[in-house]
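Paired with chain B in one complex and with chain C in the other, chain A is shared by the two complexes that follow.
And then the complex of A and B:
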């Protein structure tokens, strides 16, 4: 097969997979009824209906407030954390690093459940506080708590990009400031952080964007007091009119994409700028840690306190809850210890299927996805043509679709295209949705690996007599083998964690832990939810441990 | 086997014209060095011959086997040209051991396993690495890696082997040994080769013909002795060897000799100029041809000796007079002060 055929074949399939769901959603938004309804006509009525709804506008403003608040909390903390971790002698840095990244890898619904059982009105920490203080000094179910939790759990995102930028920055500028008489805090505020300004700005836009994708936290924490964000508004619309109100959901999706797409585009521009900024200065010098003196323990304490709030509280909460019958004032936890919740999991065939399916989608699905991402990356690799730009943009498109939205769009594609319908109730539909949602992420992992293959290694094979495809098979792919393995591990982690993408596709045979958790939470089965959450966290923990052990970089 | 002929090759990268009509001829059994400063297009020319860069005009062919011909719309991909290329970075495949690196080209040509074994072993023995076949590239020294890269390019007996600064990654001492080794290997095996280098000593040592490139054009072609002793242009004269440059005014051109005026003295040399008397002119002379004298005479200038420098095998003397600086070699140091510096007429080129 000539390479050009392969290239356009891959390009065509990618374009179809990415654009078909969006096209269908946009088409649906202009109909008066679900697309399969013969009575459906083209009209703007769905838009007028949604735009006339108070709930919609309320959700839109709440989302914007949460996204802005999140960024305001996460950006300064993340940047400061990066400075402390990369540039100073904070004790135990190598042990803290993987812990800091935990909030990225643990599913947001699990964290939300954890907060409810730990510091909710009858949570374990609330009960303790009541025993000691006589009252509970916090209120989990408020917009403020929601913003604070969302902000704190997104600190690692800012940390990752700021730390990467700092590592690329030579230390001579900071040393110059120190010699001139600046103390470590002044060095951070006056030199280091301004130098990585573009990276921090990028991270800020990223967090703001993630605020619009937020689903698990507002679903669990916002629901009791009817705080709606766009994604939960969409979720509630499902049964708004008693009949499937597809056209209204489509409008909500179009609105979400109309907001996220420019943000994605902006991130792309900012990221380029940030990288340019760093590459000019990057020297790869061995960096000398800044000595904080006694302040290092203050810094250490702050980081540990943040970890306690964002990781320890929710995870111990959910874990404890999974091992007890109940708790409350005057209950001795030792008396109510039980393994029953875990045993119960096995009584529900759908839960058992969900666990098996989750492992399957992570291990097998992850491998197939990485293979697909590699196929796309290889098609573009060393292709000297304007078409590669198109692929760049195509890959970016799903980034603008939050998982919930992508799952819905995919569901419709499966309903719309007759010959795909039989696949809807199989794991193939879940795999396809996951692969599309994480296309940009996976492509970044694989392309990053490909960038490290020196062109002369491939040219040497061509001169030796190998054609283009043969070069890829004999030289390029073997050289990126370890990068592909690392990508597989990371894709496993996110596929196992994923909860929102599978929600609309959930049905007998397509259960995964993430979507099951959301649906079980709705039924109030807190025992099952906590046990299943712990199982999910364990899977991710094992994956993370393997990744750390193998020295896989946890960020692409 | 026929000559490798490159005719009027032109190549553009973006808006930059890298090659502006380069022609080249390699007869079988000949080693041609592509020499030039960085940016002269020598590596680009080599890569264009290999098929890794795309020219937009001209032609490349070995006899009837046309690699590239803009007029006839022929463009053979790199893998169909059957040439051997040694990369500057060696480009050994890190996931294959020495044997498999060398064997790959044969495998692609459908050679039987048995024959591959024989030919790879023979080639590795020729380059003196027979014992290292099982090693991986990262287990080899720089010099060994370079030999493997050469073996990989040789093993399928290409009509011409292309070498892209193959010695530049070796340290100075090793480079001189490798130079001698490579020349011997090429001569013993009767190979045709194109060798890219920016090092004139290396080019002269290794090549039968030197092609001197200047900003995408051929400045001069000839055997090393000709390039060194009979430079055709000022660029060629200045690029080869270490030189002194005399700026002066042309007095007269008389057949093959030209006379210029420097500090009021008449200095005569080989005429390389067609300018009229009175024009500004430049005299070039190699350091090793400058002589020191104690008395005035023809072609001599009175100069101050500034700094004698000891180089080990000889002394380098730096003379000065106003803006003019002249460097010369001597077996023994001279006393600082006034001396006469002689520019022998047969060694001075007037451009």
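And then the complex of A and C:
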């Protein structure tokens, strides 16, 4: 096969997989009934219905407030954290690094369940506080708490980009500032952080964007107070007319995409700019840790406190709940200890299947996805053509679609594309949905590895008479083997954590822990939810431990 | 050749079994249905009843009719409806037996022609309200209860009927501020059904809803979430909980108190029908008959805690026991055309806007 055929073949398949679901959603939004209903007609009525809804505007406003609030919290904290971790002598940095990234890899629904049990109105920590103070000083279900939790759990995203940018810069300017008498905080605010401004801005846009995708936290924490965001509004629409109203849901999705798509492309621009900015780096970076003196313990304490709030509190809550029959005001936890919930997991065949499927999608599905991402990356690798830019954009498109929606769109595709329909109630449908939703992420991992391969070896092979495809197979792929392995591990973590994409695809045979958690939470089977959450966290813990042990960098 | 032979032996055996097992009072040719069902060998059930509750039924059915393998999927009622209509439209296979607690959606599916007409031989043993067009059948008798936290609700506050609850909220609005919980009719079809039935049965229903609004009642979409928060003390009283769930939970957690309101107690029923597009229609019919039979209903009541609707079944979760508790105050929601009014868009949206006002206490 000539390489050009391979390239266009891959391009075609990617385009189809990415664009078909979106096209279906957009088409559905202009109909009066589900697209498979014979009574469906073209109309704008769904738009006028949604735009006339008070709830919609409320949800839109709340979403914007949450996204903005999140960015306002996560950006300064994440940037400061990066400064402390990369530039100063905060104690125990090598141990803190993997811990800091935990919030990225733990499912948001698990974190949210944990908060309800730990610091809800009668949570474990709340009752403690009430005993000591006489009142509970926080209200978990307020919009403010939701923003604070969302912000704190997204600090690592900002940290990752800021730390990477800082590592790319020498410390000479900072040392100069220090010598001239600036204190560490002044160095951070006036020298280091401004230098990585573009990276911080990029991370800010990313967090703002993630705010529009937020689903697990508002689903659980917004429920009692009826705090609606766009993604939970979508859920509410299901029932508004009594019968499922796909056209209304499609409109909500189109609105979400209309907001997120520009953000995604803005990120792209910023990323390019950030890289250009960092390119002033010199060779032979000399880095000198900034001495904080006694303040290093204050910094250490602050980081530990943040970890306590965002990781320890929710995970303790959910773990504790999984071992007790009931909890709350007036309950002595020692009286209600039990292992039953874990035993009960085995009574539910769908839960057992869910656990097996989750491992399967992580290990096997992850490997196949990495193979596909590599195939796409190889197709555009060393291709001097305008088409590569198209692929770049194509890969970003699914990013604009929240997982929940991508899952729904794929359900439709699987239902009505004849040759796909036998695969609908198999894990193939889940795998395809996951692979598409995480396309941009996976591509970044794989292309990052490919960038490290110099052209010399490939050229040598070509000179010795190997064809283009043979070069890729026998030279390029073996060279990026370890990078692919690392990508596999990271994709495993993401797939095991994923919860929203599988919700609409959930059925017998396609259970995964994430979507089961949401579904079981809906039915109120909290015993199972807590035990299953702990199982999920343990899987991720093992994956993380392996990654740290193998020295995999936990980011692309 | 070997396959044909073994198939013939299996068929011969199953005929023998079928004749032995055709229950009393069933038509003489019922054996033919059993035989046809065994030839299908498989049954796909879509249900909203969680698989642990349904497992004893499935197991017993498989023992009774060996050779029929049951594939049981539990889904929530909206998912079930979505999946069913999409699969019916795509025409490439769907559930054989559809069994859901969303009574209105089930009636709509029947009205839209998705159900196979089948007069079960058990009809005589069923209440009249539970049979719709000889196609859809009520299978349970679930009283809708008020549940409360026994540790934290003072004994004198425990409401005995709807009027009591209204009085309580008006008398102690501060104590119960944020402590009441109910289904959200805006987000849950069940909640919507409960509200419309309350309006029919309780003249002061809107006053009650306004009292909910004034005390800042918290609204959820699932009974489990409400009971979890009532037992933890986050809320104290949950209004409108399926008696079946409450009974199951109170057996595990003694803190949960259950009240069947004395003025009237709404009774809902899980509705089952055989799909017109069923690939295994005979197995579907067989399971439907089994579910309605005395043997099936005995398991419904005593193993699944779902409350039997047959008057000849004994146990705690039965029509008999509910009648002992509240006499003639049970108000079963009839399975008929009137349920479709719930799905009328204009009426629904009008109700919801009135509800939103009530939520603000107006």
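By definition in this document, the second predicted complex is superposed on the first by the 546 of 556 C-alpha atoms of A that agree within 3 Å, B and C clash if a C-alpha of one lies under 4 Å from a C-alpha of the other, contacts with A are read in each partner's own complex, and residues count from 1 in each chain.
The rule is simple: contacts are C-beta pairs under 8 Å (C-beta built on N, C-alpha and C of every residue); 3 or more make two chains touch, one makes a residue touch a chain.
Model, not experiment: these values are computed from the prediction.
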{"item": "Clash-or-fit label for the pair chain B, chain C on chain A", "value": "fit"}
{"item": "First (chain B), second (chain C), both or neither touched by A:132", "value": "neither"}
{"item": "Inter-chain angle, chain B to chain C through the CA centre of chain A, in degrees rounded to a multiple of 10", "value": "150"}
{"item": "Partner chain in contact with A:416 - chain B first, chain C second, else both or neither", "value": "second"}
{"item": "Touch count on chain A, higher of chain B and chain C", "value": "C"}
{"item": "Partner chain in contact with A:39 - chain B first, chain C second, else both or neither", "value": "neither"}
{"item": "Partner chain(s) touched by A:328 [first = chain B, second = chain C, both, neither]", "value": "second"}
{"item": "Which superposed partner A:223 touches (first chain B, second chain C, both, neither)", "value": "second"}
{"item": "First (chain B), second (chain C), both or neither touched by A:52", "value": "neither"}
{"item": "Shortest CA-CA distance between chain B and chain C [superposed frame, angstrom]", "value": "51"}
{"item": "Chain B-touching residues of chain A, taken from the complex the two chains share", "value": "454, 456-457, 459-467, 470, 474-475, 478-479, 481"}
{"item": "Chain A-facing residues of chain B, complex", "value": "50-52, 77-85, 87-89, 91-95, 104-105, 108-109, 152-153, 156"}
{"item": "Footprint of chain A on chain C - complex, ascending", "value": "50-52, 55, 71-76, 78-79, 81-83, 85-87, 89-90, 92, 104-105, 108, 151-152, 184, 186-189, 192, 218-229, 231-234, 245, 252-253, 255, 342-343, 345, 348-349, 352"}
{"item": "Chain C-touching residues of chain A, taken from the complex the two chains share", "value": "34, 36-37, 120-122, 223-226, 235-236, 238-244, 325-331, 344, 347-350, 411-412, 415-416, 418, 421, 504, 506-508, 519, 521-526"}
